[in-house]
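Paired with subunit B in one complex and with subunit C in the other, subunit A is shared by the two complexes that follow.
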Partner chain A sequence: MNAPDPAAAPAVTPEHALGTFVGHVCRYFEQIGGSRPEMLEPVLERRPSPRLANTGYMAVAGAAEGWIALSLPDALLHRLLADLGETLRDRGALLDLTAEMAGTITSLARAEYGEHLRVSPPFAIDAAAPEPPLPVPPVSLKLPFRWESHEAYLRIALLPPPASP
Partner chain B sequence: MKLLIADDSLIVRRAIERNVAWAGFGEIRFAANGRRALEEYRTFRPDIVTMDITMPEMDGLTAVDAILREDPAARILVVSALADKSTAVEAIKRGAQGFLLKPITPESLREAVADLLEP
Partner chain C sequence: MNPPLPSAILESYVRTPDFEDHAATLELSPALWDIFALTENRVTAAAVARELGIEAAAAHLGLRELAGHRLVRQHVQSWRDYRSATPAPAARPPETAAPVPTHVTPVPATPPPAPAPAVAATPVVTAPVAIPVHPVAVSSAPKEIRFAVTPPGHRRQAATPSGVIRLSLRRTTPPPAAAVPPTGSSASAAGWRLRPILDAISRHGGGTVTGQLLAYRVFLGIPGELLDRAGLYSLSLTANDFTIRDPEFYAALRHSVREVAGLELATIDCAVEPSVPALP
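Showing the complex of A and B:
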């Protein structure tokens, strides 16, 4: 595959990303868990709020630089694993599913931006792990949602585009 | 019949395994990255491979290329959330026989695997 021309990349703003990600989060839960989550009020945060028990990250580059994170409580993941017919419930399984969800939702959202938005393999950490070595933007967008009474959130953390000369 | 499942997620590998039980694969092996998938393909010679794209060490499209260079008759189903058209077209252009969008459902997987099993 030829490398995409960065100059031709469409701009990825947090506002545009918000609409894209809301749709993909809803569809993911509907397809796997059978019902759409209730999307709560998005919040712009200068200092990110604490992570939940399991957080999956996916770094993005190209049309936007930064990362997307999905933070989920154990109980929500237990329910999704049951819906998948999975019997594993250990921390490894919870983190594996979290990373897979973050990766899937981010990759689906990439369809909006095409090959100009490059994605890296996802990874997940538990609440006790140190912050991962990812770029920290001045603000990030937290998108809370509730599914089957479990609250979780998606964070969109994109670095501001470089200033024009 | 033999199946090789390449995906960096254990949960996805197990989900695919559960949802192809109907097809009666005699042996199923697993790979967590593209490099491992290529190594397994060489020794295992599966009838069908399911291949994720976004994996560490060697991505799925590179692994598809490498497998088809060694065995042009390999039957590979690419399973990915990379939904943009160029990725799907690229996978098929490289020789994959099918493209299945994540998150997979039992129905979509059944249909895709059944297509590949047709003579």
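Showing the complex of A and C:
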């Protein structure tokens, strides 16, 4: 197999690569839950606000380097599980769904950007778990959204840019 | 439970911003509160062990337990931030206080021993987490954290070509922000309104989300201590009336806007004219 030619590859900006995650999150809710979430006021956070009950992490590299977290409250997941016809509501089921959402979103992003955006297998943890072993950037971007009266958020955490000469 | 890696006792911990909320609902052993009492400033397990006369491994476990209760969190910072906060740049910091995150502790496969049943939730993350341990040394060379996380039991886990992403914690030197004072008409300004700058970046970014992401990347290029000095711990990208008063902050922002977004702040009308004292 021939190695991809970087010179011939179309430019992928971090904004578009990460923006696709936001789009896929919205589409997930639209397809599974029947309506798109409403994006709320984005906030730059020097000190990250607390995680919600269930958080899925997606580490990315390539066009953008860092990680994306999808943090969701129990009530929102209960509603999605109901839409999916699932009857389980325990913590395992909630974390399974969180990880599944993250997996679906990363699969779509990977399909869209291929080798330009490498995505690690996502994982999910609850609010009581210690912080995962991911680099902590000096600033992260919190993108809150509301779906069916439930508030949740995406967190974008990128590594700082290299210093210019 | 496996003993911590030697470098794990050098992990720094600080109290979380909302530790009081969590502490109000917790009952812990006095030994844990003894450790927590030492976290008013950032501490390492080694320092806690020395202070309390206990094993470093026990101190590390205690700090991890406190982190599980969200009373403390790991404290890491970039080399740039560290250097900026260190008054004597040439001085080598004490080994037990090394703040550079040369090691990231994997999430345990089993929950830590918790005296309160309410916190015995099972973490979903399990091994493998492969993290090379680098020697603790103050260096500007990039360090890499290599990890792979798999969620067994999850109903879906998409495959990835490599399965592992190497994230490099880039240590960067700060841009020559202080050496580039504001020039032109803005030099005499009493401040600079942030809102028009953010709006211009967002427009330049080509849309709502992509514009916000571009603004985020611009702020990533600003040294953390300048954000702290300006009190920007949390900043709305769409509704803020923040005025930059710090020329160094403005210079760093101008530099980052140029480097990241390709924009010139001089073209954005954001200067706040010096106010004229009101007549009595």
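By our rule, the second predicted complex is superposed on the first by the 134 of 165 C-alpha atoms of A that agree within 3 Å, B and C clash if a C-alpha of one lies under 4 Å from a C-alpha of the other, contacts with A are read in each partner's own complex, and residues count from 1 in each chain.
The rule is short, and it goes like this: contacts are C-beta pairs under 8 Å (C-beta built on N, C-alpha and C of every residue); 3 or more make two chains touch, one makes a residue touch a chain.
Note that this is a predicted model, so its numbers are computed, not measured.
In the superposed model, A:160 makes contact with subunit C only, not with subunit B. Legend: residue contacts after superposition of the two complexes on their common chain; A:28 is shown touching subunit B, with no touch to subunit C.
Put subunit B and subunit C next to each other and count what each touches on subunit A; the higher total goes to C.
Contacts of A:60 after superposition: subunit C is touched, whereas subunit B is not reached. Legend: residue contacts after superposition of the two complexes on their common chain; A:47 is shown touching subunit C, with no touch to subunit B. Residue contacts after overlaying the shared chain place A:81 against subunit B, while subunit C stays out of touching range. Applying the stated contact rule after C-alpha superposition, one finds that A:144 touches neither subunit B nor subunit C. In the superposed model, A:18 lies in contact with subunit C only, and not with subunit B.
In the superposition on chain A, no contact is made by A:37 with either subunit B or subunit C. Using the contact criterion defined above for the overlaid structures, shared-chain residue A:100 touches subunit B and also reaches subunit C. Note: residues 92, 96, 99-100, 103-104, 106-107, 110, 115, 119-122 of subunit A belong to the subunit B contact set and to the subunit C contact set alike, using the contact criterion stated above.
Within the complex formed with subunit B, the subunit A residues making contact are 1, 28, 31-32, 81, 84-86, 88, 92-93, 96-97, 99-100, 103-108, 110-111, 114-115, 119-122. Those residues of subunit B lying in contact with subunit A across their complex are 8-12, 14-15, 18, 54-56, 61, 80-84, 86-87, 90, 102-103, 105. Listed in rising order, the residues of subunit C touching subunit A in the complex are 16-18, 64, 67-70, 73-74, 76-78, 80-81, 101, 104-108, 119, 121-125, 129, 131, 145, 147-151, 153-170, 172-175, 205-217, 219-224, 227-228, 232-239, 259-260. Listed in rising order, the residues of subunit A touching subunit C in the complex are 13-16, 18-19, 22-23, 39, 41-47, 49-50, 57, 59-61, 65-67, 91-92, 95-96, 99-100, 103-104, 106-107, 110, 115, 118-139, 141, 143, 156, 158-164.
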